[in-house]
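Note that chain A is present in both complexes that follow, paired respectively with chain B and with chain C.
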Partner chain A sequence: MVKKTSDDIKNTLKGVDVVEISYTERGYHLAIEAQKENIVSIVEFFDKKSFYLADLCCVDYVDYLELVYFFNNHKEPCRVKVTLKVEPDKPSAPTISHIYTIAHWYEREIHEFFGVYFEGHPHLVYLFLHDAIDIYPLRKKQVSVTEDDKKLLSSFKPEEFEDGFFINLGPQHPSTHGVLRVVVKMDGEYIVSAEPVLGYLHRMHEKMAENRSYVQFLPNPPRMDYLGALNFNLGHVTTIEKLCNIEVPERAQYIRTITAELNRISSHLLWVGAFVADLGGLTPFLYTFQDREHILDILEGITGSRLTYCYFRFGGLYNDVDDAFIDATKQFIKHLRGRFGMYEKLVTKNVIFINRVKGIGVLEPGITTKYGCSGPVIRSTGIPFDIRKVEPYAAYDKIDFEIPVGATGDNMDRYMIRIREMEISLNIIEKAIEKLPSGPFKAEKVPKKLKPPKGDVYHAVESPRGELGVYIVSDESDTPYRMKWRVPSYSNLMTFPYLAEGELISDAIATLGSYDLVIPEIDR
Partner chain B sequence: MNDIIQIIGQETVKVIIGLIGVLILVVVNALMLTWLERKVSAHIQRRIGPKEVGPYGLLQPIVDGIKLLGKEILTPANVDRPLYYLAPVLIFIPVLVSFVVIPFDTCLQVKDINVGILVILAFSSLSVLSILLAGWGSNNKYSLIGSLRSVAQNIAYEIPLLLSILPVIFMTNSLSLKDIVEVQREGWFIWKWQFFAFLIYFIAGLAETNRTPFDLPEAESELVAGYITEYSGMRFALFFLAEYTSIMIISAVATVFFLGGYLGPILPGFVWFFIKTYFLVFVIMWFRWTFPRVRFDQLLNFSWKILIPAAFINLLVTGGLLKL
Partner chain C sequence: MGKGGFYLETKNPIIKFAIAEKFLNLARANSIWPMTFGLACCAIEMMSAAMARFDIARFGAEVFRPSPRQADLMIINGTVTKKMAPTVVTLFEQMPSPKWVIAMGNCAISGGPFVFEGQYNLIEGVDKILPVDVYVPGCPPRPEALLEALMKLEEKITGTRRFPVPEKQW
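Now for the complex of A and B:
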């Protein structure tokens, strides 16, 4: 795939240099240096080959700004890094938002953080920040916002229109789990258009990362996604291990797998309850919370915390697991397997529930590349894309498991996939416990002060919501030069305006619930 | 004293005492139902529910009532004041009047009117007016959508409600609730051919009282709290009490029409009446904590395409059989 793509690019696009990169070291296969003249045609090429835009970020090298586009393919992993250099004074680049819809948000994000002006972008306003901020926060040297930009940066103000009205779903609304605001243009009960407004929980984790050492940043990722904390922790740790080339002992890998899967189950359990609560059934919420409590107790025993775990360390774990953990986990597997039958009777087979979710919010497989969706959202369309399988990390390559896929891509499929995933996670945990080797749980000789070699690395893990990618640029100092988080809910949420259009408000809320959104993760 | 009674008439005094009794009953009953709902929901959800205030938390609703009375009555800016103030008061009157004609026992009835059921149906339709007032007066989009949903829902479900009790009236030849109960000494109507009518009545009644799975007017995940979004304190409490009282009325009418009212062995009549009514109330609560909510178009389709034709068929069959 990699070779074929490389040849394809060379044949199709004249004058473009493709460099093959060591995947094990850098986390991507190909690197392309683009120019302003040919960036659009390169992106169009990837669009035609049905690649998706995994990430788009910017790095400030003081002398120049570098836009980094990451492309990947859902069928076979072929990560391509495309870079585009732009000048630091009045930086501008051509937009690719007409090719990839998700680029709308990525470009808005880069515009507010770096001041890069994207020519042709239809709606270049702030995404996260409020308009009183007068510097570009992620630039290495302080650059104040120009007057021209200030005009652009007014926050979202909906226009009034006849025969309808606007509704703000959020930031204080029972259906948005967290502080998401969706401005919905309504015609009676039908939605004309919906626009998510982000930034109510923006904490600038990426800037924080640049100001503290790698170890000091450890507690931050779990706070981005409080439901899949261990998976975010894992994403952070594995990326830096890749960057510094640290070998992790076998036992640690297995324990990472077990705890990350436990965390996935707890996240999915909460989602099932919250999703049914969105549809008006309040009781399953309490039932799933009761089951989730067991996981919290188990993880509390080894990590010390109940929600925002910080358990993994560079090269291993914080501490080893004991027999009590193994016994409790085994008992929990038995307990939860017995509960699935109850959930099936109470929720899955409920006629009202089926009528509310079946055939609603249908996402066609063809458009998923435009949005870069991942996780259960893309698997519901029938594409078996799971980072655990295509780019295995921890001990996932040593354990056999299947990936559930849907058929139609509706809300019912997204529900069923998460239920199936919980069952599969239980199998993974069971197998991992069987195979759990003895030995050290920590790599030896990991320096206390990490100073990774110069270079960049991209690494992705499968969080409960989808592909979580971390892009780190290191300059040999003990703090990262730039750390970009590619978060799954961000690109999943982008499909909401598309799916909500023309739907009833009740259905749109069901669809919004089906994404399993965690707002701090989107806002970072 | 006797003179006063002589002047205003014995019948009037009886009605006044009855009305006061009904008022007390309505308030105490609504308070009890809030307690019951909390207990039922708690046990369904594997919780304990209120237990601190009084035995089994029985005094909890009273304490809650005091809390709500003591709250500052907030009036949001830009509301339509007359309508906003009127709605919570107006919603309480129809449900209160409906109790007047309900026979709790052979001689425990405020007034036996020969068109009793018409009074109940007419007044229960009025409650939708105050919901509309609340929704319009609140100057809030959620409230407005909620109240408009409520109007559509009430119109759609009043027809099956009416059609489902008509067969019973055919069979008894009376609109008086007491007569309907007395006829059932030979057997409750739920077992005498009218089981489907009971089902239709019960489903339509659920929708009339805006209860899950038909709680669209106050669908909290969509409309925050629907038409009561902008209400707080005692005004909110009045809506709350009215909701529980209308549940009581729907259950009471079902008891009278299908479950033989106060008839039953050994125990006194009114005990039987309350056992049957509270059982239905419990079932309504049970529904609420089990089912998700239907969608608006599904709700209307269900009424117009399924319930109303079914009720008509039931009516035709009953009429035909009676003629034979």
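Now for the complex of A and C:
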């Protein structure tokens, strides 16, 4: 796949240099340096080959700004990094938002954090930041916001709209699972258009990463996604292990797999409760929380915290697991398997529930590349894309498991996939406990002050919501030069304006609930 | 708008009936209605406190109201950003008096782990924009800590503590 893509690029795009990169060291296969003249044709090429835009970010090298585009394929891993240099004074670049819809948001994000102007972008207003901001926060040198950009600060300006009205869904709304705000343009009960407004919980994680050493940043990722805390923790440490070339002992790999899967189950359990509560059924909420408390007890025993675990360290774990953990996990597997029948009776076969979710919010498989969705959202359309399978990390390559896929891509499919995933996670945990080797749980000789070699690395893991990618640029100092988080809910939520259009508002709430949004993760 | 940017009903009523007031306060303390208002990680612990194991209903505070007009307790459970702050103040203003605020978690107390030099998007402590009655430290605090905060609030409202103080273990 990599060879074929490389040849294809050389044949179709004249004058473009493709460099093959060591995947084990850098986390991507191909690198392309683009110019302003040919960036659009390069992106069009990837769109034709049905690649998806995994990430788009910007790095400030003081002398120049570099836009970094990451493409990947759903069928086989072929990560391509395309870079584009832009000048630091009045930076501008051609937009690619007409090719990839998700680029709408990525470009708006770069515009407000770096001041890069995207020519031809239809709606380049601020997405995250508050109205009084006067600098571009992620620039290395302080650059004040230009007068032209200050006009773009407040994104919501209700225009003339005679036959309908606006509804402000959030930021305080029980069904948005946090502080998301969606400005919905209504015509009676039907939605004309919906526009999410982000940034109500923007906690500056990426700026913080540049101010703190690698070890000091360890507690942050769990607070980004508090429901899948261990998965974010894992994504962070595995990326830095890749960058510094640290070998992790096998026992640690297995324990990582077990705990991350436990965390995935607890996240999905909370989602099932919250999703059904969104649709008006409060009872399952109580049941799922009861099951979830068992997992919290088990994880608290080894990690020491209930919610925002910071358990993984560079090169291993914080401490080893004991027999009590193994016994409790085995007991929990048995317990939860017995509960699935009850959930089926209570929720899955409930007529009201079925009528509320079946055939609502249908996502066609063809458009998923435009949005770069991942996780259960893309698997519901029938594409078996799971990072655990295609780019295995921890001990997932040593354990056999299946990937559940849906058929229609509606809300029911997304629900069923998460239920199935919980069952599969239980199988993974069971197999991992069987195979759990003895030995050290921590790599020896990991320096306390990490100083990774110069270069960049991209690494992705599968969080409960989808592909979580971490892109780190290192400049040989003990703090990252730039750390970009590609978060799954961000690209999943982007499909909401598309799915909500023309729907009833009550159905749109069901669709919004089915994404399993965690807002701090979107806002970072 | 008051001095601190929000409107607070501080005027005492002209006629005050001591016994009736005492009775009302007892009723208020034992049926606090919190607002359904989740900000960040601490919101999950607040939800846990409301669920079967910790069961906030034992203390009469299980009626979470999505509308601020029906609530009398605001639990600030998470980071308040500069973009969110006007909304938080508006919600507080919409609550009918008497009303109370619990600052849950380090972010709500002081900005917590997200304070650093050059930060551009954080309110460092929610007490800069709202009058806070009880602070609950932790990142995030356990549900038991929230229950204890509720008891402290009850103590503040009625002047006496109904539930015994748990024994110190450390």
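Everything below uses one rule, namely that the second predicted complex is superposed on the first by the 522 of 524 C-alpha atoms of A that agree within 3 Å, B and C clash if a C-alpha of one lies under 4 Å from a C-alpha of the other, contacts with A are read in each partner's own complex, and residues count from 1 in each chain.
Assume a residue touches a chain if its C-beta (ideal position, glycine included) is under 8 Å from a C-beta of that chain, and two chains touch if they have at least 3 such contacts.
Everything quoted here is computed from the prediction, not taken from an experiment.
Comparing chain C and chain B on the residues of chain A they touch gives the larger count to C.
Legend: residue contacts after superposition of the two complexes on their common chain; A:451 is shown touching neither chain B nor chain C.
Contacts of A:133 after superposition: chain C is touched, whereas chain B is not reached.
Looking at the shared chain after the overlay, A:227 reaches chain C, while chain B stays out of its contact range. Of the two partner chains, neither chain B nor chain C is touched by A:49. Of the two partner chains, chain C is the only one touched by A:211; chain B is not.
In the superposed model, A:281 lies in contact with chain B only, and not with chain C.
Legend: residue contacts after superposition of the two complexes on their common chain; A:174 is shown touching both chain B and chain C. In the superposition on chain A, A:98 contacts neither chain B nor chain C. In the superposition on chain A, contact of A:36 is made with neither chain B nor chain C.
Put simply, chain A uses residues 173-174, 286, 290 to touch chain B in one complex and chain C in the other.
If you check the complex, the residues on chain A that touch chain C are 129-133, 135, 137, 171-174, 177-179, 199-204, 207-208, 211-212, 219-220, 223, 226-227, 270, 285-286, 289-290, 293, 306-308, 519-520. Those residues of chain C that touch chain A in the complex are listed here as 36-41, 43-45, 47-48, 51-53, 66, 68, 78-79, 81-84, 87, 91, 113-114, 116-122, 139-140, 142.
The touching residues of chain A, when paired with chain B in their complex, are 165, 167, 173-175, 189, 276-283, 286-287, 290, 346, 350, 352-353, 355-356, 504-507, 509, 513.
On the chain B side of its complex with chain A, the touching residues are 41, 44-47, 141-142, 145, 212-213, 215, 219-222, 224, 289-298.
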